[in-house]
Every structure is written in structure tokens, then in C-alpha cells.
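Take this structure first; my questions come after.
Chain IDs A, B and C follow the sequence of writing; residue 1 opens each chain.
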Amino acid sequence: MSNKNRLIKILQGNEACVEGAILAGVRFFAGYPITPASEIAEGMAVRLPELGGVFMQMEDEIASMAAVIGASLAGVKAMTASSGPGICLKQENIGFAAISETPCVIVNAQRGGPSTGLPTKPAQGDVMQARWGTHGDHPMIALAPSEVSEILYMTIKAINFSEKYRTPVMLLLDEVIAHMREKVSLPFPEDIEVIDRKRPTVDKEKFLPYKADTDLVPPMADFGSGYRYHVTGLIHNEKGYPTSNTQEIDQLIRRLTNKVELNKKDIIIEENYFLEDAKVAIIAYGSVARAAQRTVKLAREKGLKVGLLKLITLWPFSEETINKLAQQVDLMVVAEMNLGQIVREVQRAALGECRVIPYGRVDGELINPIEILTKIEEEIKL
Amino acid sequence: MSLKGNLKNYENEKILITVNEEWCKTCGICLHFCPKKVLVANEKGYPEAKNIADCILCMLCELRCPDFAIKVEKKESIVSHGQQNRDLED
Amino acid sequence: MIKDITQYFRKEMFPHIWCPGCGNGIVLGAILRAIHSIGWEKDEIVMVSGIGCSSRITGYVDFNTMNTTHGRALPFATGIKMANPKLKVIAVMGDGDCAAIGGNHFIHSARRNIDITAIIINNMIYGMTGGQYSPLTPTGKYGSTAPYGNIDQSFDLAALAASAGASYVARGNIFDVSQITRFIKKALLKKGFSVVEVISDCPISFGRINQLRTPVQMLEWIKSISVSKKVWEKLSKEEQVGKIPTGEFLDIDIPEYTEKYQNICINIQQERRGK
């Protein structure tokens, strides 16, 4: 694992996403042009044919999502990338991926919204959409990296989670980290963990496509592998056939949610900065976490006991960490580029143990370290 | 028909017509369009091959049955292969 | 035991859910006879459908099957085919499914000329949702959302597919099952995007509101409006109104998408190795 011989590159966030995906084994990408995510498609269009993989520019966002699911069912790791308006269009098929338990990764390089909004400016307004954008009860995993090299690693994580838990995974970037260039030390393939979905080992005649193992995840067969089965968006039984049996319906919906909820420990990734003695905690994610890190430094220079909890996994939510932290600190400032999305989750998890206040910005500009600090100072004086 | 169900056989020395009354929904297509009026509805509406002697093995009832509920077989070909491909061989 | 088309059934799923006299079962029979006649293995066949009555078709057959979202059978099928071009991919759609919500995918699948067979069961109505008019409801006919008669023009799906770039296009009806079986067989064997539209019935949702209440009445009507392509071409514009031409409209050999893509991969890999 020596860093010495690693290839060092200056990569854009979107390019790092491409590299991560390829390292994780993605060999199918379908997409549709949209700012600020297009560079991912462009990168895939160059790289995948070199590896015998498939790049497709589809007729629309809906078709891209559909093609990704189709490819995944045929046994190939598959991914798509878009931004807010495109993610809206993909939602129905994201739900299909959730209920059919088809691994796939959806990158959302967030821009200002609603609607066409601010195509070339960053925002974090799609956090709740990532969680609840498709209808019905369903699991969701969403990761929000904040540096270019982190994008590379979190893309790998996203692919791995989708394979391991057979569920769609969202990678939430924003316009700034998607387009920003930073130094990345490219890992060797042997240095990274790559997870492939479980394939069935039972006799083909005995195969029950939606019978889960003890980890709540059923083994998944590739179309054409001899395990013939039916995939449907209808609520289905273990055989994969539509059912209206209340018990079977309940079992499926609860299992889908539980396979993520009960594996939170594995899925939740978070980082602490100076939280040990902190009396004020900043909660941030994505590019805002970079500013918040600086805020912590500035605050400490002033003698203020400020720390940062950087959330990388946004869904499932870090309830336990927040709850513990709320018992330690007097104040939590949730800084995000929206008018209050994760802050509500933080408030819910804090259970009234400390004050939780939002700091939001929605003018298309990044939140800077000083303004977070100013907010903290104002709040402390109160 | 190899499927379980409420199978009714109608036959003579040349032809076997099987009606699966469990699958048949009594839509009446086979009865109406049988060119030789071989099939007649029984009291429940299911087709009965009353006039099997007139059957010319055109297979139209089988081809048009939406429910896979009627099968017409020429007895000598039953073991070798079914009639499925006759229409494709031209 | 006779080796007939029931070998392709998921037998526990029968009897199927379709209404008495529904053409979906007739088309399913035609598809299975065509497959049987070709002799493809079950393992290599993928059947994909969208949403609607016709889309339930995939639940009944013992292939690799998929009942996807409304209108999206073709892009799902495209992903499967591109990921594994060896698979024989068939998309079965209804008329609303294919021509309204899925219309964009239909023309673009044709444009790519990807080796997928699209079978459209056109019953001219949204049957499952209760008889709303579709893009293929004939002008003047009634639907639950066209209570005063449909003023929309209907698509000519065959012409649409042909002009968009498909390799094989044919139209038949559920009355002439031998013909559609023959068309489907040719479509399945065609390298490229192949389309078979089958004019079908819906005694419940289309028939009831259009005075064609029984399956027999519906089939008689379908028979009466269908004319062969040859006859159609000789009719005047006025005589063509209300009639539907059947037959083969296109059968050409043009480069196929998965092969073109594989060539790209081979070329670039050779070029990279050469460096």
C-alpha cells in the first residue's frame, strides 16, 4: 500500500467518479447530457469501450435509468449520472430498482433548483429527494463526498453497497466538487475492496429469486445464467410472482427497509474533527464540510470549543452518533446549501438534548468558513 | 394437453380434441369461428366437440383460443410431435 | 408427453388473469409457437414488458422475464441486450404503453436498430385502467375519456417504426393467427430492430363502449377493418378511412447496433495495444 509508486493525477470530481466506478467494476453506463454531470458520461464514453464495457447515451433520463437496471440484471455492474431535473425523471425506475433489488448507482451532481434552477451553481437541495424521491416505502443509501479523492473512494463504496445490499445507491455530489480539480493518488486495483453481488448456488429448479439469506439479501442470478426467474415492480413473493397476500406484502416491504436499516453500522461513514471536547458541533456534508473544517480551525484559534461531524453517508441517517453528540454539546449548527433538510433529521435525532439550528444558503454560492463562525458566535452570545 | 385441470376429451379414430374447462373462460371464439361447426356449447358454455367427425384439423380453434384451453391433435402425430408448427411450414 | 407450447408456461400461474376473449392470450400463443418453431432455449430468451394488461404476459412464460414500468420495456430491454448481446430479447407492449408513454423509446430503439423484437398488442384502448382512449384508438371511436368520440388521429405504428430506422416491420391481427405467428418468427430471426404490431381486441374496455360487446363481435369487427397491404394500396384515400392495412411493410438488412458497438470496442482496444 505504498503511496510512492501510485499514479498521482489532477482530476476533476466527475473524472474521479469515473475512475472510481471503473475500479469498482462498473462496465455499463447509460446517461443523458446534463450540467453539471456530463463529464461523467464523457469520461465513461472514452473509458468503457477500452475495457469492453458499454457506454450508451440514451434518448432520455428515464431510458438511462431503465437501461442501467436492465444491464445490472444481465449481470453487469451499472451506473448512471445526472442532476436534479434528470434525477426527477429517473425516480420511477429508481423505485423499480429498489423493489426488484437490482444493484445500481445513481450519481446526482446537485445544482440549484427547483426546475432548471441554477445549472452551473452548487446546491444541496436534493438530500430529501435522494431519500424519498421515489414513491412508497423503500430503502435508500446515499453518500456525499466532499473532496475529489473522496469522490473516487465513495464511488467505489457506492458500487460496493449496491452490490452487497442489492439496492440503488445515490452518490450526491454538487456542482463545486463535481467540477473542482484536486490531486488524487490513484489506488492500485489490489489495494481496494471490490464487492460483487452474491450469486445463487442452489439447484436451478430450487431457486427462489426473492428468498433472502439471513443477511436479508437474496442471491441474484444473471439473466441468461440458467436461473430463469421473473422480475417485477409489483409486490411479489419469494418466487418473484405478484402477490396480494397481506403477509407476503408486509414481509417484502419490511425486509427491503431492514436490509439497509439493520446494516447501518456497515453503511454509515462519518468523520469527526475536534469533537472530543467540543461544546459546539457543526454538522456538514459535501462541499460545505470543507468550509466547516476551516471554521473549526478558526474557532479553535479563538479558543472556542467547536468541532465538526462530517457526514458522508446521509442515508441511512447517523441517528445514534447525533444523539450521543447532542448529549455532549450545547449547540449544533447544521450548515447546508438548502433551507433545511438534514437539519430536521438532526433535530429529530438530537431528541431535544441540545439546541439545533440551521445555517442555510441558497444563492448559488458556497457557504464560507467565516459565515459559519459568525453564526456560531452569534448563537453562543444568545 | 399435459396440464392438470378439468380435461374433457372428445375423440374418434383419427382426432383427439381436449378441452381444459378449468382454463376455458367460455368466450365463444372457438365455437363461432369453427368453419365446420364441430364445436357446440354445453349447458355451462364450454365447447364440446359434438361433431368431431366433421373436424378438418384446421386448428383455428386452438390457435385462436386466448386461454390455451383447447387442443386438437391428429392421433397418429400425438407421440411424434404436436401440430404447433404446421402453420409455419409454408 | 407432447412437446407443445405449454412447455414454456409457468404452469402454476394459469389460468391467466385476462378477461374472456382477450387477445393477449392469442398473441402469447403466437409468440410461443414462433419460438418453438425456431427452437431457442428458454435460458437464452429474455422477455420484457411494460405496464398494462398485455404486460402481464411476462409472468406466464418460463424465460428470463421482466415486467417493468409503464412504457419503458424497450430501454430496459436495451440495457439487457447491450450487457449481453447473446441473449434473445423480446419486448411485449400494449398500444398505450408503446405509443404514448413509451413512444420516445420506440422510435429511438428503431433508430439504433438494436437487435430486439418489439411486439405490440394493439387493442386500441387502455384496458387495465378502464377504457381510456390511447394514441391508437381510431378517430371517432369512444373511450371512457373520449365520451363524445375520439378526435385524435391515431398513429400508424408500422410507418413510424419503418421511418425511424427499424429492420423489419409487420402488422397482423388476432383473427389470422397463422400470419402473425409467421411474422413474429421472421421478426425474432431478424438481426436488428423488428416490430410486429398485432391488432387485438378488448371486449370489456373497448367493446362495451363501442357496441362490440362480445369477443366474437370484436373479432368480426377486426376482420372487417383489416385489409391486406396489397388491397390497401389500391384503395382511394376515402376508402382507406377506418381500415387498417396488414402485412409486411419492411424487411431490410442494415447494420445492427450491438455489432456496431462491439466493433468500436475491438477497434479501440487494438489501437490502444498498438501504441
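Note that in this section a residue touches a chain if its C-beta (ideal position, glycine included) is under 8 Å from a C-beta of that chain, and two chains touch if they have at least 3 such contacts.
Keep in mind the model is a prediction, meaning the values are calculated, not measured.
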item: Pairwise touch network: line, ring, star, complete, or other; value: line
item: Per Cα centroids, the chain farthest from subunit B; value: A
item: Result of counting contacting C-beta pairs for B-C and A-C, higher pair; value: A-C
item: Separation of subunit A from subunit B, taking each centre as the mean of its C-alpha atoms, in whole Å; value: 57
item: Distance between the centres, which are taken as Cα means, of subunit C and subunit A, whole angstrom; value: 38
item: Whole-Å separation of chain centres (CA-atom averages), subunit B against subunit C; value: 27
item: Sites on subunit B at which at least two other chains make contact; value: none
item: Interfacial residue positions of subunit C with respect to subunit B in the complex; value: 1-6, 9, 11, 14-16, 18-26, 29-30, 33-34, 36-37, 174-175, 177-178, 181-182, 185, 203, 214-216, 219
item: Contact set on subunit B toward subunit C in their complex; value: 1-3, 22-23, 25-29, 32-33, 60, 63-69, 71, 73, 78-79, 81-82, 84-85, 87-88, 90
item: Residue ranges of subunit A in contact with subunit C within the complex; value: 28, 30, 49-50, 52, 54, 56, 58-60, 62-64, 66-76, 78, 92-93, 96, 222-226, 228-234, 241-242
item: Subunit C to subunit A touching residues, read off their complex; value: 10, 13, 42-44, 46, 48, 51, 58-59, 62-69, 72, 74-84, 86-87, 104-105, 108, 261, 264-265, 268-269, 272
